[in-house]
Amino acid sequence: MKAIGRWAIAEGYIPGKSTGSGRELTSHETVCVLNMGDTDARVEIAVYFSDREPAGPFTFTVPARRTQHIRFNDFCDPEKIPVNTDFASVITSDVPIVVQHTRLDSRQEALALLSTIAFPSNY
Amino acid sequence: MKAIGRWAIAEGYIPGKSTGSGRELTSHETVCVLNMGDTDARVEIAVYFSDREPAGPFTFTVPARRTQHIRFNDFCDPEKIPVNTDFASVITSDVPIVVQHTRLDSRQEALALLSTIAFPSNY
Amino acid sequence: MKAIGRWAIAEGYIPGKSTGSGRELTSHETVCVLNMGDTDARVEIAVYFSDREPAGPFTFTVPARRTQHIRFNDFCDPEKIPVNTDFASVITSDVPIVVQHTRLDSRQEALALLSTIAFPSNY
Amino acid sequence: MKAIGRWAIAEGYIPGKSTGSGRELTSHETVCVLNMGDTDARVEIAVYFSDREPAGPFTFTVPARRTQHIRFNDFCDPEKIPVNTDFASVITSDVPIVVQHTRLDSRQEALALLSTIAFPSNY
């Protein structure tokens, strides 16, 4: 796999509690991937921690002309991402993509949000 | 139309509920466009989804030396953007612009905000 | 003035209400300027609106090796910035600076925050 | 030390109060550093203020293939960072890193969040 796109998100944290009901109000950490091209993207995500070797790769297909908002909460293969734990991620793709990072935190009684375009890393 | 500026926002979501009254406290997803130049900008926005072909183009004019904060909630031609649905967007312009993405989410009793400069995509 | 640094913020909005007391909890829109160099920076800010010609320049000095977090709320010369009004801004400097945009919105009972590094514009 | 990576965060502020209990809900200002390389990173952080010379350097090691989410609240050598005080920071490293800035503000009864990728400064 030739990585044409490589993006990094230095922040990562799945809040361990939620208020409100349903999937939409559950605290979540999300990587939004946009594939505006005409070829399906094979996306690989490595997850970095403070005290152990990286996990992954977690692999996803983002079809041509589609976006997928992937929750770290849902990662399960090859392993789950623990809650209440600092992490970071590197997203690589075999075709150009755009990556944005969003968190919804509903631990306290009103939700909070953060978002940033990820860093387009060419290291 | 020659696209001099092309920007991407991988995150997009119109929360389906609001607390508080009035347009200003209604949950909204916004694309802020700044045209600092001396020529009106013709702006086209394509909206990408997870499970269907992109919608649009939605077309706007941002006059010279003006900013417009355009709500995805208000898009109606050629179609409306559904609420509670993941999407992404690509903004192209025939003159240079700057694009920033903001959400106000008032589903729970205190509003939340997120914002990021969009990604200046040259793919 | 030779503009070595030019930055743009397409989002801008001073919420017209606040909860909580004191300057620190007053709803505010801020441009954070960092001058890490050894020469004082002369900074000029132009403010763009949706329906009128730009206001400014608003001029500030950010001394060498200092940061200033300047609130649009406090702008008064040559004019004040109206609340509850969409705007955008362009920040130019005669020496290199770094610019970040932050809002604190305390209209509802718990404050909300947004922040993004501004766009380093070389148009 | 040869700075291969230099990043700037123009915003910085440690809220002086918190609601909720425990380290995770304490108001904090964080610099997230990702070292995706195979060499440990020696990271130096300088902290800039509005009215005095910069503090630091504060030095940290971010091991190879690790992330560290470092709270400005915990800085103590060579000095502590005061709360309720505007600051900014410059992060340099002897190997490539990626830097993201996050704040959790729980002064009022529901927490607020902000985050942005820092500015990759090559001045």
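Chains: A, B, C and D, in written order; residue numbering restarts at 1 for each.
By our rule, a residue touches a chain if its C-beta (ideal position, glycine included) is under 8 Å from a C-beta of that chain, and two chains touch if they have at least 3 such contacts.
Bear in mind that the values here come from a model prediction, so they are computed numbers and not experimental data.
In this structure, the chain pairs A-C and C-D differ in their number of contacting C-beta pairs, and the larger number is found at C-D. Repeated interface, listed pairs A-C, A-B or B-D, reference B-C: A-B, with more than half of the contact pairs matching by residue number. Subunit A and subunit C have centres, each the mean of its CA atoms, that are 31 Å apart. Rounded to a whole number, the gap between the C-alpha centres of subunit C and subunit D is 22 angstrom.
Under the contact definition stated at the top, the residues of subunit C that touch 2 or more other chains are 108-117. Only residues 19-20, 24-25, 30, 32-34, 36-37, 65-69, 96, 98-100, 102, 104, 106, 109-117, 120 of subunit C touch subunit D when the two sit together in their complex.
Within the complex formed with subunit C, the residues of subunit D that make contact are 8-13, 46, 48-51, 53-54, 84, 86-88, 90, 101, 103, 105, 107-119, 121, 123. Of all residues in subunit D, those touching subunit B in their complex are 110, 112, 116.
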